[in-house]
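A short write-up of the structure that comes next.
All chains are identified by letter, namely A, B, C and D, in their written order; residue positions are counted from 1 within each chain.
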Amino acid sequence: MDDGADLVSRLHSEEANPALLEQVVAGTEETTTGVIRLKSMATEGVLKYPIIAVNDARTKHFFDNRYGTGQSTLDGIIRATNLLIAGTTVVVAGYGWCGRGVANRARGLGANVIVTEVIPLKALEAVMDGFRVLPMQKAVQEAGLVITLTGDIHVLRQEHFKAMKDGAIIANSGHFNVEIDIPALEKLSVDKGKARPYVEVYTLGDGKKLYLIGEGRLVNLAAAEGHPASVMDMSFANQALCLEYIAQNRDNLENRVYDVPESIDETVAQLKLEAFGIEIDTLTAEQEKYLNSWEMGT
Amino acid sequence: MDDGADLVSRLHSEEANPALLEQVVAGTEETTTGVIRLKSMATEGVLKYPIIAVNDARTKHFFDNRYGTGQSTLDGIIRATNLLIAGTTVVVAGYGWCGRGVANRARGLGANVIVTEVIPLKALEAVMDGFRVLPMQKAVQEAGLVITLTGDIHVLRQEHFKAMKDGAIIANSGHFNVEIDIPALEKLSVDKGKARPYVEVYTLGDGKKLYLIGEGRLVNLAAAEGHPASVMDMSFANQALCLEYIAQNRDNLENRVYDVPESIDETVAQLKLEAFGIEIDTLTAEQEKYLNSWEMGT
Amino acid sequence: MDDGADLVSRLHSEEANPALLEQVVAGTEETTTGVIRLKSMATEGVLKYPIIAVNDARTKHFFDNRYGTGQSTLDGIIRATNLLIAGTTVVVAGYGWCGRGVANRARGLGANVIVTEVIPLKALEAVMDGFRVLPMQKAVQEAGLVITLTGDIHVLRQEHFKAMKDGAIIANSGHFNVEIDIPALEKLSVDKGKARPYVEVYTLGDGKKLYLIGEGRLVNLAAAEGHPASVMDMSFANQALCLEYIAQNRDNLENRVYDVPESIDETVAQLKLEAFGIEIDTLTAEQEKYLNSWEMGT
Amino acid sequence: MDDGADLVSRLHSEEANPALLEQVVAGTEETTTGVIRLKSMATEGVLKYPIIAVNDARTKHFFDNRYGTGQSTLDGIIRATNLLIAGTTVVVAGYGWCGRGVANRARGLGANVIVTEVIPLKALEAVMDGFRVLPMQKAVQEAGLVITLTGDIHVLRQEHFKAMKDGAIIANSGHFNVEIDIPALEKLSVDKGKARPYVEVYTLGDGKKLYLIGEGRLVNLAAAEGHPASVMDMSFANQALCLEYIAQNRDNLENRVYDVPESIDETVAQLKLEAFGIEIDTLTAEQEKYLNSWEMGT
């Protein structure tokens, strides 16, 4: 089981003892980043055993990103700052699954939320979901809190810091600490200090203060406890069931990256519902037949 | 341009004048049902010209189903009944795009919403979105209003009518009028009359009254005005741009069903944003480069 | 039973047959406006029989204004225009009970809501509830829809019409049709016509079109069906129980305006809960005692 | 400045040096409890100096209770448990200002919320706000999390613990630690241990585990940081301005409890808006006149 494909790359590297790699039957991978790296290895023909991309299970990334990141990002920010979210103008950069999660949770806590995007379709969904959509340069002028979750680099940079209001709080919940251009922020600042645990205060030349949480690292890990157990349980159930599957089906698998079998994804959803004590309907025979026969009903 | 593939089937039928079919260069299709029928025709090798599935554009079905159906379903129900949604327990059968739209709009109007599903993953999303999920047999016992949007047959049937509360209102917003088993309802009833325009009242043997809107047909068409223009504009923009595309590219297309070109989908999203007067960000050169190079940032 | 104190004033006027007034034992009044007029009459010593201000029951104005006006205002606007509320920037003028109701329902339908106010405390509540608060002159520049519910005059006037965007829709849900300065709008316009039933389109000198619903009258009455029955039932229950009370207690009442007896207000709430089939808790003996004795627990 | 009237009672007690009391010119009080105690003292004629009830300012208790308690209660619970609120059935006992705050924030974080009440009118508001309302005995059977904010004693007691599901979490956000009958819980338990910091796990006779946060004390103080600064600033602004007022007006005040002057309440609201950088409208001369003259407009 790997997280980020770090173990896999190490095992496949020249420094590693080749005997180790030979003992590995198959593997699983938890993260988006890892899946991308593994697919490159498979394409280049260097991957030496089959791997299931647990990350891509719907019971993993639908829940992890929307509900897990949504809550834990704001949890980290509140722990670090004790900010009242109600009444705060919150800018959410990126309206992917994570951004949607955070935008909804911020609104649910009483914030007025502005979304920034680079993709027209996502921007349009944000508009239809009732959020304001602005270019970042305008958005930061109103922001009490700015959160980046884009997967890209330097989403907040010099021109944005200059336009921010005194007292604005900045946090990142994207995977890497590159979304906020911290060197640019340092360069603009005449002073820097610790405002609270996990919070640095930067004083700019004009006396304005900006607050950066957790050095721009994933705020739910930097200042809170990461995802709640009740989101991680679905990831780990996928891991366990995929390991069983891959062990039993090793002989029929090639050395490439596989999706989580549909039946495992469904089993995990079913098990989670049972853990909640929730029952759902099943199709009647008549309904099954209807769904398979499009002549009826027209 | 077709809606439901009715024109296409007619043109391809034995009764039609073959000269007509020969004049057709290419086509587009607006609906899910039509796309399914056309794909069957293509698979069977009988389709005589290329068709673009406008329905499958993201700027069509994302917006049409969630926001259009969401609002217009409740609009139809309110016009037909003048029901106060606030405080009403509303059962939404099906948590697809349409069901999500209706569940969210009902909650936004103050309802307590129960979702029913047959697919565990969708049921789980409904739970995580804060809705109660129950089997229909239990759900109807609490319902003031039940809305079906499943695409399946007899979602409400004899055992459910029997379990409903006196005064419950029933509506369908799925494509066909088969989701509610009206013959079964008729059979259970000792009396039937008109309660208001578009509303039939059924009196059951025990004196209980159930109210059916619009004879179980799509309630937004039966009792309101269908989708708002500001949703249909995106469908029609897709139609127009696809017709232009298919005319220009006819020589390179086979006689099968094509997706809407990605660039048209994006253009429509961009045009809609402009119509709202909304500007968004664009990637910097540095950001473009970063997205294409996964080594950075790790 | 009176609505607006029109019957009462007539009975007390010099033109009325004095024999009629003598036959009246007591009365009730449904509206805010009526209550104000009756209190003036009582203060001036001219009121000839006791009246209960049904309007002031909490089971009347809490529900009527927030939930009734909230839904029916948007219902009227949607019927008149078939506007998609999702994605629309809606300006709500006034954050009293009615304004709150409309602001919440608009947000629940996917709007981005801006509130305008003249009272700082209410403005602050709107901010904390997650709405944007702006002066009207700025708000109208972003508005797709403007709704007035302030109880005051000329909330929308010449300078606002001039600043509105092309295509903006204007509606009033306050009691009188004076909140929108229609004469000023007429004066600015070079053309006026009917866009749809209940919708007038005004063309301004620069070609911009503004849409006025229901001639600026209460939009839920002008273009929909007023309040739903399930809100009015509480008003009428108050009316019925107050009539019984006032008939039984006539001898002990002076000729002035009385509040609805607390016990009737509570009875109506209790009856409404029963109509919903909802049970609630009752205090234990220990809890009753605790509430009456502030020494415990400290 | 006092919080709970503890200093005042001490100064007025027989043990205190009478010289101290003579030096006190006037005072202010922050809490509901303190105000009640001081009013008793005033009624009994023992209060020796005037006191302003800062607690009763609208800019204090409207914001403190709804937005402060709403967020910080869930913040405390999340810090203590790392529970995912989305998908959790949360029971909120009490639909006063605090209960409303918590119910709304829990819903905003994705919970399915059940409200319990003893007052029909409040129960009805909860229903109309879209919440389910149940008696506690039924509510606890579905609860993943139960929060008490009633101001009363033993809201959760033996029969409720017995009916709870395995794994249920219990927290209090009412002022005193008497809302949960902890002795009854201890008596039902065969084992007790520490699950996490601030969380005790009780094992009942049937093996069921219940989790109690912060020993039933105010969970936002026990497990988080109390109210955010941006709520407390309004309380402290009221304190400061009331001290100035009471010093300047001492000679005209009797030895009793005074409300915060309306003008101070309004000033604080205005200052808070300015701190947010928010401008609002002011009445025109025409509007002022209209509001004072009820003949116009009818």
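A few notes on this one:
In this section, contacts are C-beta pairs under 8 Å (C-beta built on N, C-alpha and C of every residue); 3 or more make two chains touch, one makes a residue touch a chain.
Every value quoted in this text rests on a predicted model; they were computed, and no experiment measured them.
Distance between Cα centroids is largest for the pairing of subunit B with D. Between A-B and A-D, more C-beta contact pairs join the chains of A-B. We define each chain's centre as the mean of its Cα atoms; on that basis subunit A and subunit D are separated by 35 Å. The centroid of the Cα atoms in subunit A and the matching centroid in subunit B are 30 Å apart. Each of residues 67, 86-87, 107, 110, 127-128, 276 in subunit A touches at least two other chains.
Considering their complex, residues 86-87, 107, 110-112, 127-132 of subunit D touch subunit B. For subunit B in complex with subunit A, the touching residues are 4, 33, 36-37, 40, 58-59, 62-63, 66-67, 116-118, 120-121, 123-125, 127-128, 133-136, 138, 151-155, 176, 178, 265-266, 269-270, 272-273, 276, 278-284, 286-287, 290-291, 294, 296-298. Those residues of subunit D whose C-beta lies close enough to touch subunit A in the complex are 67-68, 70-71, 75, 78-79, 82-87, 105, 107-110, 165, 225, 228-231, 276-277.
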